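Structure first, then comments.
Letters A, B, C, D, E and F name the chains as they come in the text, with residue numbers starting at 1 for each one.
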Amino acid sequence: MAKIVTFGEIMMRLNPAGYGRFVQAHSFEVCYGGGEANVALSLSNYGMDAAFVTKLPENDLGQCALNSLRQFGVDTTKIVRGGPRLGIYFLENGASQRPSKVVYDRAGSSIALAKRSDFDWNAILDGVDWFHFTGITPALGGELPEICLDAVKVCRERGIKVSCDLNYRKKLWTREEAGRVMATLMPYVNVCIANEEDAADVFGIRAANTDIEGGKLSHEGYISVAQQLIDRFGCEKVGITLRGSISASDNDWAGMLYDGENAYFSPTYRIHITDRVGGGDSFGGGLIYSLLSGYDCQHAINFAVAASCLKQTIAGDVNLVSAPEVESLAGGNASGRVQR
Amino acid sequence: MAKIVTFGEIMMRLNPAGYGRFVQAHSFEVCYGGGEANVALSLSNYGMDAAFVTKLPENDLGQCALNSLRQFGVDTTKIVRGGPRLGIYFLENGASQRPSKVVYDRAGSSIALAKRSDFDWNAILDGVDWFHFTGITPALGGELPEICLDAVKVCRERGIKVSCDLNYRKKLWTREEAGRVMATLMPYVNVCIANEEDAADVFGIRAANTDIEGGKLSHEGYISVAQQLIDRFGCEKVGITLRGSISASDNDWAGMLYDGENAYFSPTYRIHITDRVGGGDSFGGGLIYSLLSGYDCQHAINFAVAASCLKQTIAGDVNLVSAPEVESLAGGNASGRVQR
Amino acid sequence: MAKIVTFGEIMMRLNPAGYGRFVQAHSFEVCYGGGEANVALSLSNYGMDAAFVTKLPENDLGQCALNSLRQFGVDTTKIVRGGPRLGIYFLENGASQRPSKVVYDRAGSSIALAKRSDFDWNAILDGVDWFHFTGITPALGGELPEICLDAVKVCRERGIKVSCDLNYRKKLWTREEAGRVMATLMPYVNVCIANEEDAADVFGIRAANTDIEGGKLSHEGYISVAQQLIDRFGCEKVGITLRGSISASDNDWAGMLYDGENAYFSPTYRIHITDRVGGGDSFGGGLIYSLLSGYDCQHAINFAVAASCLKQTIAGDVNLVSAPEVESLAGGNASGRVQR
Amino acid sequence: MAKIVTFGEIMMRLNPAGYGRFVQAHSFEVCYGGGEANVALSLSNYGMDAAFVTKLPENDLGQCALNSLRQFGVDTTKIVRGGPRLGIYFLENGASQRPSKVVYDRAGSSIALAKRSDFDWNAILDGVDWFHFTGITPALGGELPEICLDAVKVCRERGIKVSCDLNYRKKLWTREEAGRVMATLMPYVNVCIANEEDAADVFGIRAANTDIEGGKLSHEGYISVAQQLIDRFGCEKVGITLRGSISASDNDWAGMLYDGENAYFSPTYRIHITDRVGGGDSFGGGLIYSLLSGYDCQHAINFAVAASCLKQTIAGDVNLVSAPEVESLAGGNASGRVQR
Amino acid sequence: MAKIVTFGEIMMRLNPAGYGRFVQAHSFEVCYGGGEANVALSLSNYGMDAAFVTKLPENDLGQCALNSLRQFGVDTTKIVRGGPRLGIYFLENGASQRPSKVVYDRAGSSIALAKRSDFDWNAILDGVDWFHFTGITPALGGELPEICLDAVKVCRERGIKVSCDLNYRKKLWTREEAGRVMATLMPYVNVCIANEEDAADVFGIRAANTDIEGGKLSHEGYISVAQQLIDRFGCEKVGITLRGSISASDNDWAGMLYDGENAYFSPTYRIHITDRVGGGDSFGGGLIYSLLSGYDCQHAINFAVAASCLKQTIAGDVNLVSAPEVESLAGGNASGRVQR
Amino acid sequence: MAKIVTFGEIMMRLNPAGYGRFVQAHSFEVCYGGGEANVALSLSNYGMDAAFVTKLPENDLGQCALNSLRQFGVDTTKIVRGGPRLGIYFLENGASQRPSKVVYDRAGSSIALAKRSDFDWNAILDGVDWFHFTGITPALGGELPEICLDAVKVCRERGIKVSCDLNYRKKLWTREEAGRVMATLMPYVNVCIANEEDAADVFGIRAANTDIEGGKLSHEGYISVAQQLIDRFGCEKVGITLRGSISASDNDWAGMLYDGENAYFSPTYRIHITDRVGGGDSFGGGLIYSLLSGYDCQHAINFAVAASCLKQTIAGDVNLVSAPEVESLAGGNASGRVQR
């Protein structure tokens, strides 16, 4: 069984039920998630041996976050305990023309204040096949850029594949900071994941010689971006998610996988959204699973996009689907008929 | 007032709220339903004198199921009490590309283990105008096939009209078993109800000489199936529901009524689904009501399809609408404007 | 800061959660609203100094209604306390082809039984810039027609702008009564708000010389209606909301503002509805805000329609959006992307 | 099987969940109850044939009230439909030193405005063994006093036993009105039920020649009151409930049955209260059941008090217990051990 | 109407429903509270003009906290907006032998980082009669000790009465820090409020020459502590709350008011607790109300203790009772009988 | 870290919220538990390496049960998947004089139908220190008695300590069956756990030469029972729980540990109960933890009883407390004061 380690922050998420606004809320639904934790949980659901590494406070809230992963089989034994607090984010689910809204309260979290000495990467990565992180982890600041560098260097030494989802967050750092730091980490990345804006935000990479209509890249545009990422950092593969926001309730969703030679596009799903948070993460989880399973590129992108389509029909940050469920949708069964 | 008896199983249904997955559930919504009970409840809501016959355990859960019918005026005085347990089914509501999922836990229920001697059909059917059952009832096994035969024979003797919804359930019996048993019952059936797959599953009846495109029959195909049912079993009328599953969230819904000479098609409704379970049953309820009310075939199929369209906008197994509400929709008022 | 006073009834609203029917309900969600209170709350949310005037019983339920306004900054100090009861309305949210349903239980409320002596309009309207009421207020009967007349006369004396939403309610009065009473009040109204049916119901004003297709007026038809209102009553501006009910779940929504010379039409929004109640009121709130802010007519109608589009994505009667949120949608950002 | 008819008002009850105050409520739990309806439901739960007679509006709310009775087997076929509205009461559950609070909104209900011609007592009471009403029914005013008199006169003619719970409600009428009206009805009453204050409030009957300590009557005091009721009105039996309010959370509860010769006192239960509403009604239900079952007086009072003790451990107005459950407690099993 | 200003932090409180543990929670109930805000809200409920002063972030969460006060009539116009975040605390309600548990996440809140220049005390305190703060406010650190000093100096200049609840929080500062800072503020305090441990924790003040049994002071002990506070800081009055924790579910609750000459003890209430948080604050609110209303000392302590007894029967941090409700309990009506 | 394996059934538990009766329920809270699973979870919470062994169906419900254990760190890797269904039990929480009620629906579960070949005890018990089961496991019938015997024989061979909670369930087997089967297993048991009725039900062991008053044994009686268990089966220690049911809401709770020479009694706790299910299991968990931790007998019984006292303040079957929380109560801190 393939072993994967992902590294980053897991936060408490608090959201009013349904489509309630913050100012209407008398209770919050609580779940836990974060870009890399979500990927680990996806992989665990697919039957892989996935561990999530972070630092969590030694209180009940840290324990809740840990339990949420353990419940779905994620290996949490490598999580460091300590530090002041668990990061929180508040989510208000949008509807129709009203956008979803996020209020972050993540500053000063235990992982943001973690030290290089907290993580013994040689031990953590022993026997591991794949390492995944996102651009959010170094964006947390403090020693995180170095800690990420420590990790990917050990990966390079040990031949562990590395994937990174650029995931630019403008509230955490500037484009300049992101570009500078990510440029030190990207040379160690085998598989780069991005959405249509990340490459531009972080590296200023934009589609060359293509028409852009209505703010959307053409297929050629996506290929151009992927090729530039490969040219600049030497990645093997680039996965890109393509979201068409019709409204907060309905989105088009597709993806592309580029291997430096050919581009593979998934079908496009028109999704009536239950919860769009974690869509990109579940794409990452599906892609890593596919690549570790030796799927060809077309199968891989189809699986990754079907997985992340299903995620958006499920409440919470994490993708609670099995591999057969994903394969069924990827295989064309999108009618939603009752499975008796 | 017309008197109707329906016979079959009523189960406890447990489902996570909203679109929650089983693995996310910390509570289940509970309701009670079953193909024939749902029909009885529809008819009671339309103002008819409908009784449901089954066997329920002598415990609180059996009582809950009974109360759920009594609340809406169904006559429950003919229900036999005893036996080991109430059947249960677990439902996970799908959303968009994610299908709904059912886990049955109905084996060994009181009705499945019922004996012929439990039911005195001459008493039960005294003064009754219509008897309804579905293919699920004999599929429960044990003595149920004989019990159903006992019932329909009494109906034939007394001139009670019989309707049967084929309702093939592959988890309960094989196509062969279904075909063999149903063939003994069908000769007593006046009105046969089916969806596009039932006739093929149970009797191997498929549309003759018609084009099938994309897995969907043409209008001629449906007529062919209905004609074959009439030819083989001598039914008077065949009602067929036509579901087009766009996704778990949106379905097209229509129906056909065939009287051996002419086929009457309803309008097609594009339904944004609240709960699709019981759609076929509410079609049956609407059809029986229409026929007992002396509606002409076009009115009957329009009423039955409007009724079952409305059902799918209502949570739970049962159709909580009045006849005027159905007539309003059947009459063309589908705009959903507020009724002040 | 502009000061606005609105006058009318605020009711307790009780509705089953989600799309539940009354006969399924074991609890009701409770909120408070009414045409004029909803306008005051909109304006308060936009940062204006809005007071709501009514009469509420001296019990906990009256206090709850008052608190619901105070929570969002509405000035409640001019509310009179006393009388027998708080009006109630029960709402069942429709879905797809099933319409929403309202059961009113508002007879004999404290405001419906209020006396002219309860309201000292000279004091209430001191320093006020705008006064708003709807056709529902005089429709409550008793002394309300005279009380409304008292109020608008003071407005005329003091140069306070008056807006009125015709809002015909057939359960409260006949077309004849409405026409007679409203004709006494309209001469004091500067800005008249209506939907496509109100002008016909109240004043028998119908589009002249225009084609009506499928029950919907053409643009020219709306202009004709607005012009007739101006011709008859001397209003300065007429705002009309245009609702296209595709189903209870999906509506088209737009509006027109006519200033006697030119008609300004907003874009049309296809809304996936969370709660359509209060849509017209939030249009009124947006229009008054725009006019008090000195927006040009096109900006004003765009703001009012965007505001009321957002309202329909929010549960409850009242529009919990800020002016920047409305401006964002009015400015064309309808994609519903997450605001991080 | 004994047949019982009870007559009165059934209201919608709305209460905040748990111990929430009105001003905290964002939803209300909804149930339905009323003194006489509660008695009918108790008797139905004990297996008797109990019908409830009232007048309910022809809307969904009236239907909900009717369904709530039908669910538990009460015969609702004699209910008259029509009139303007369903009475409502709002309940705030107290806790510890904070008392429960009731806001009535029952004026103008369909039953309060009912006419003598609405009820054909000869038909309603045909074949009936027992008729029950409470002092609340005539207190509703209008023609209710005459309607009650109509009913009890038919009972006298037909030899139907009549029970009446005095149930004085000071918000409905004055002591004088109550005394005058009830004095016309009491001569037809066989079994009178009261609590420690009712007899004094309605008839000015107070304990003679006994010590009253701390506001509580001694046993002799209760007997004196009962004897006076018998002397004055010729009742056969008087049942009195004895509540000791330690706090809103904990009460002592007992009862006395007096047959004109001997007084039978039940044990006293220290109840940790779930919901005290309907305690007296469930006492009435238990007493009528006992008397119809031919229990001796000691058994009868023990059953009635055990029944009403159990009621107060159950949320809502009505007593959802079976006769064996009551017998178990009446038999001394008060330890609350799990029944596996 | 007396005008009061209170100053401190208001936090978001998140707690699992009922008696749920953090590790069981899938949702949190949300409310808002803080020592000084709770006092302001109590006073507003009693009909006084109470303003709360703090600094809240310019986001939806800050707005929610503000709205929670505004809903109950607290003047929020003096609240400063800005800074990074709203403080949060997580509460797990204990039961029986299991204690309640609090996890604070309040570091770095907008108020904790507020600057002296944020508050113009001369403007804020203009026309004010009473100023209240607690030991928590200076304990937040940063410039809060100076800000508090700024405020109380303005109070002294203007003759505004000052009350302070010592409220020692060991997670916020050490005993030494508390003692040093509070000693600078206490000379400006007219009325000092404390529980049995605060005076010892903050000032090392312990009962002299008295027996202490079972960790509880005798009456003389409390007087001794109060006298020492007066001797040392020159307060006029000292109010002390006396809690006897039988378990997390049941507490004894009483209080003492000492005016330097005589000590006035309230009755003791045995409370079956709904929510004990805010008990001390509601005591403070009741005491300030009583003193501003000119109650004599016995009436004042009785009112304050009855008020805080009632608070503990109400969920949330704040005391949602009216003055007549408190007076009723203070007057001896503790039986919890239904108020119809 | 000590390794423990427990073996038995885990069921889905469904209960109405709060004190709701089955016939009132519109939803059920769902959790998972069983005697041996509860012990494993307790031990995991105390930081030990606890595995639970059972057989669960290969469906979502089986997965839910497994996840519920995994969430709290129980090793679920030894669980066998397969078989027809998950056992279910329905629980109605009692209140005051109304007892809790359990409806079992566990027949035909995957574990009840498990085969000896499903469990390779040599592999399962490799490296294990302690094995625990209860009398419920063999009571499930089928091959379970032999499977248990297989397990305890391997334990004897490997020197693994064995504990057994007699836990007689009369709905699963007769006293005779229980006595016969348990007599074959007891010789392998080192630590026997029982409540006051188990030893009598299973082995006919009753207190010798002691007075029994009111159905409760004296201390000597408990010692006599324990001594007889030791005499007959050679156990090393016997732990007995002592429950005094005052009502469904309030219980006394204590325990005794007997080592063949001395009897150690814990203090008695008066518990205001949140959920009494699993009380005995949490006693077992506490006792095993204590013995594995080398606690002396008095410390052990105090810990076990404090642990199980806390369990009864927590909803659900399982004991979600840490060792320090138990030690705090066992150390005498029972006041329930807030832990800030």
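What to note about this one:
Definition applied: a residue touches a chain if its C-beta (ideal position, glycine included) is under 8 Å from a C-beta of that chain, and two chains touch if they have at least 3 such contacts.
These figures come from a predicted structure and were not determined experimentally.
Minimum number of contact steps separating chain A from chain F: 1. The chain with its Cα centre farthest from the Cα centre of chain C is F. Farthest chain from chain D (centres taken as the mean of C-alpha atoms): A. Per-chain Cα centroids separate chain B from chain E by 62 Å. Put simply, the C-alpha centre of chain C and that of chain E have 42 angstrom between them.
The residues of chain E that reach two or more other chains are 18, 21, 23, 26, 67, 72, 101, listed in rising order.
The complete set of chain-chain contacts reads A-B, A-C, A-E, A-F, B-C, B-D, B-F, C-D, C-E, D-E, D-F, E-F.
On the side of chain F, the complex with chain D involves touching residues 18-21, 23-24, 94-102, 104, 169-171, 245-250, 276-277.
Chain B contributes residues 67-68, 70-73 to its touches with chain D in the complex. Residues 18, 72, 269, 271-274, 306, 309-310, 312-316, 320-321, 325, 329, 333-340 of chain C touch chain A in their complex.
On chain A, the positions that touch chain E within their shared complex are 14, 17, 21-23, 25-31, 59-61, 63-64, 67, 84-86, 88, 90, 92, 101, 103, 105, 107-108.
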